[in-house]
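Some structures to go through are shown next.
Both of the next two complexes hold chain A, though its partner changes from chain B to chain C.
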Partner chain A sequence: MKPVDELVLEDGAYQHRTMFWNEDIYEAELEHIFSRAWLFLTHESLIPEAGDYNTTRMGEDKVIVIRQQDGSIRAFINSCRHRGNTVCHADAGNTRQFTCSYHGWSYGSNGELIGVPLEQDAYFNQIDKSKFGLQEIAQVASYKGMVFGTFDASAPDLETYLGDMRWYMDSFLDVPGGIELIGPPMKSILNCNWKTPAENFGGDDYHFGWTHAAGVAVMGGPLEMLAGNTGVPNEVGFQVGSSYGHIFGFIEGGAAALQPFPEWREMYDNWLNSRLPGQEEKFGPLQARFYKGHWNANIFPNCSFLYGTNTFKVWQPRGPRAIEVYTWTLVEKEMPAELKQMMHRSNAATFGTAGMLESDDGENFEECTQTNRGFNTRQGYCHAGMGQQNEGPHPDMPGVISDNLMAETGLRNFYRTWARMVNGDDWTQIGAPATAPLKKLRAV
Partner chain B sequence: MADQTQPSTGSTQAGQPVDQQTHFEIERFMVREARLLDQDRLHEWLELLAPDIRYQLPVQEVRYRKDTQPIGSATGTYIFDDDYKLLEMRVNRMDTNLVWFEDPKTSSRRLITNIDAEWSEQAGEIDAYSTFLTYRNRRQSDETWLVGAREDRLRKTDQGWRLVNRVILLDQRVVQDKNLHLFL
Partner chain C sequence: MGATAQKITKKPNPAKPSLELINDVQQFLYREARLQDAQAYRDWLTMLTDDIHYWMPTREQRYRSNPMEPDITHAAHYNDNYADLETRIRRTETGTCWSEDPATRSAHVVTNIEVELTDSPNEYRVYSLIAVYRNMNEDEEHTLYGHREDILRNVNGELKLARRKIIIDQNIFLSKSLNVYL
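For the complex of A and B:
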């Protein structure tokens, strides 16, 4: 593996292509990113009752996330402490205990080892069960219903980790009644490196009008002007890079833009307009504008969402060249059932496994990874230099902000954080503000 | 459920197997539908759909047998949950010639089998069951197989049989493919 300062160059603008292929680099990611960063686990609404659980993964580690008797949520590595078998094979359920299918050790919902077959006859009562509880995830916390976990006991708390992104996300997470995810998630496979969809969802508005030209053309609506990438009114939005590597691209007023039919856009717009005054009162107009805009976003490292289109994803790494894609639908809890169902249907039709726009992306993501099979091909660098001279801090909003919608500001922010983490930097350095120098301020 | 090993009794009561002529028509419908899809004759395929169609592929979770919602239970989330307008939009999108990843195009072959049909509680409508084995091949050597079942409601109209409802059951919790950009 090359030294990190040869992998990511020029403030995040170049990434060595082995980063999307190499096993050693992937191992370094598992150790330094997926074992340290806060990773999305589930939403509280999906495990509402005591004993409700979901299984998922953190990096390549299988985990169980389970609601405790006292209402708190804890998470454990889903592997038996005896010989290592998987303890729970279900996606979800409700239980008081998990029993291993190999020799029958059983664990309580708090992870404690509570049952060992033949404890007297075979172990002569000499096994200290308190030493063999399921390995617990060091920190688990919720932010407005979103449950995250980290293996790193020394990681900053979740609120700190969400950094600048929190100021923006509060505009839609902090609505009356809160938000929820409609699950269970769809799951599918993509033969690509996990970073490619993360950077794409988080910061690539450049691809939108081209990759998705067909979908945008048939759906019509306010984003139709982007189809074909012929001309782009840049005032339409901007990119944001947050501390700790989170990123998003923002389209002014565009939340409902990717709903496929005018009637659906109208139904959703009406809802947003009915809630906007409350959000403005709570947050002020500058922050509340993010409630009505469309977001493409990535919470570092691998949790992406499109607010407005309301798809919510985790890109679970499976080696450097494949991922599992989990897809939920994000809705406000107080939306009428009819609107929630519409959201789920439009998400499935656009960014679900059979989604028209999801399908457009998949092939590109896979090829961006698979071309690196060529030894000579992967000696080069990928480029994300767009708009590098036209971004900087803003007087009233946190993070690094681009002058316009078409900018790779987010990609650079993502890869700067990637480099700091893989380098093993300490948390104060990882969370330091982006280094991009102030070039020009845009009045927004 | 009626004793399916017996020949049709001629009854058109709900749950009774359809008569031989009807079975023949249903089988022809499905084979023809598969051919239209294999040949990308998507607008002709749309003509086989009733205007009030619901076309669904539910997400199925992996759950323990003892669970109150074991595998096969309705989870309420879908990979497809389309009405006619959404299906038509998917077809119209292909007409734009802007779907880059379908150029060069993906080939697909649908093998439809295990067809069974019985009268429904609705006069003139039958419930049809079938299984599919669908092969896709794209670019140089990208290939996948999809195996599953379909539970259809078909309605007899003056123009022939029309698909009113389809529930696709795909036997993969994690879809072993990058998309389901096809009609099953």
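For the complex of A and C:
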């Protein structure tokens, strides 16, 4: 494997293409990123009752996330401590215990080994069951309903890890009643490297008008001018790069812009307007503006969402050249049933498996990975230098902020953090502010 | 918003459908498949009622002791009415739909067709199995199987599709974006 300082150059602006193909680099990602970072597991609304569980993955590790009798949430590696078989084969459900299908070892919802067949006749009661509980995920925590976990007991707590991003996300996570996710998640397979959709969702506003020209044109609305890049809406928003590698692009006032029908946009806008005064009272106008805007975001490393369009995704890596995509719909718990239904229908129509915008992206993502099959092709670098001289800190808002929405501030922030983590840097270095000095700042 | 698809457990009308009706239904489904293969989507739209509900729910792998029936308030690959379907089709007509150019090649195969009468004299419940072979780009191949439960309605002497529920035999959708209709 090449040294990390030859993989990511110029403060994140160049990425060596072997990063999207090479097995050794992928193993390093599993060890240094997916075994250390906080990874999205589930939302509390999906496992409300004691015994409710989801299975998911952290990197390539299979994991069970289960609500305890005391209401807390714990997570365990989904693999029997005897011979390693998968313990739970379902995506979701409710149970008091998991019984391995191989020899029948059974585990309580707290992960303890509670049953071993033939314990007396075969083990002569010599097995110490307390030593063979399911391996527990070192840290599991919920931030306003969003449940994350990390294998790294020394990782900073979740609030610290969410960094600058938390200040922005509070504007919509911290609404009366909170948010919830509508499942079960759509799941699909894409033959691309996991970083490509993560950088795209979080930091690629540039592709939107061109990749999605057709979809944006037929849906109409305030972003229609973007279709085919006929309008250049530099003033509509900006990008933010947060500590710990989180990123998002923000469109001012545009939360409802990508709803596919005018009456849906109106219904959603009315809802946002009815809630905005409360958010302004709670957070002040500067922070509350993020409640009514559209976000394209990525929580480092692999959890992406579009707030406003309300698609919520995790890109689960399956080797360096494939991913499994999980897709939920994000809604506010107190939204009327009709609005929730509209939200999940519009998510299906835009960014679901059969989504009009999703299918545009899928083709590009796969080819961005698969072209690297060519030995000579993958010797080069990809470029993400857009707007590098036009970003910097802001006097009133945290993180690195770009002058324009059309910028690659997010991509650079993502790859700077990627390089720090793959390099094995300690947590203080990983979480350090990630910015070059301010050159020019637009008043935002 | 959106109509509820009929439950599969609904008792059929015990009267037998006529051979003529069965033949008409089969011809309807074959024509639909041919139009899909030809990507003659505007012609396909004329085969749908204005109140069509076209639904393909997400599946989840669960234990038998924890069953969960698909519900229209849950996630779905398709959960479309006429306007949704028309919007999708309009997108492919813009000339800027890069992901459909070059075009996807597909073969829709319809089989296991069963026709039942319902309590409504103008509506028939039709079960069928659809297999879609999809070939994309240079060498990508995907095969999708869907169990369909339709309501066909006789509108002024012409059959139209009023409801379709598609249960796909995949828990994880095993390929990228779903760009065909089943």
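FYI, the second predicted complex is superposed on the first by the 443 of 444 C-alpha atoms of A that agree within 3 Å, B and C clash if a C-alpha of one lies under 4 Å from a C-alpha of the other, contacts with A are read in each partner's own complex, and residues count from 1 in each chain.
Criterion: contacts are C-beta pairs under 8 Å (C-beta built on N, C-alpha and C of every residue); 3 or more make two chains touch, one makes a residue touch a chain.
Everything quoted here is computed from the prediction, not taken from an experiment.
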Fit or clash between chain C and chain B when superposed on chain A: clash
Which superposed partner A:142 touches (first chain B, second chain C, both, neither): neither
Chain B versus chain C as contact partner of A:261, first or second or both or neither: both
Chain B versus chain C as contact partner of A:99, first or second or both or neither: neither
Partner chain(s) touched by A:91 [first = chain B, second = chain C, both, neither]: both
First (chain B), second (chain C), both or neither touched by A:423: neither
Chain B versus chain C as contact partner of A:110, first or second or both or neither: neither
Contacts of A:356 with chain B and chain C, given as first, second, both or neither: both
First, second, both or neither for A:338, with chain B first and chain C second: second
Intersection of chain A interface sets (partners chain B, chain C): 89-94, 182-191, 211, 213-215, 217-219, 227-228, 260-261, 324, 329, 344-345, 348-349, 352-356, 358-360, 362-363, 366
Parts of chain C lying in touch with chain A, wherever the complex brings them together: 1-2, 56, 58-63, 65-66, 68, 72-80, 83-84, 87-88, 90-92, 94-99, 137, 171-179
Of all residues in chain A, those that touch chain C in their complex: 89-95, 182-191, 211, 213-215, 217-219, 227-228, 260-261, 324, 327-329, 337-338, 340-342, 344-345, 348-349, 352-356, 358-360, 362-363, 366
Touching residues on chain B, where the partner in the complex is chain A: 57, 59, 61-64, 67-69, 75-82, 85-86, 89-90, 92-94, 96-101, 173-181
Chain B contact footprint on chain A (complex, rising order): 89-94, 182-191, 211, 213-215, 217-219, 227-228, 260-261, 324, 329, 344-345, 348-349, 352-356, 358-360, 362-364, 366
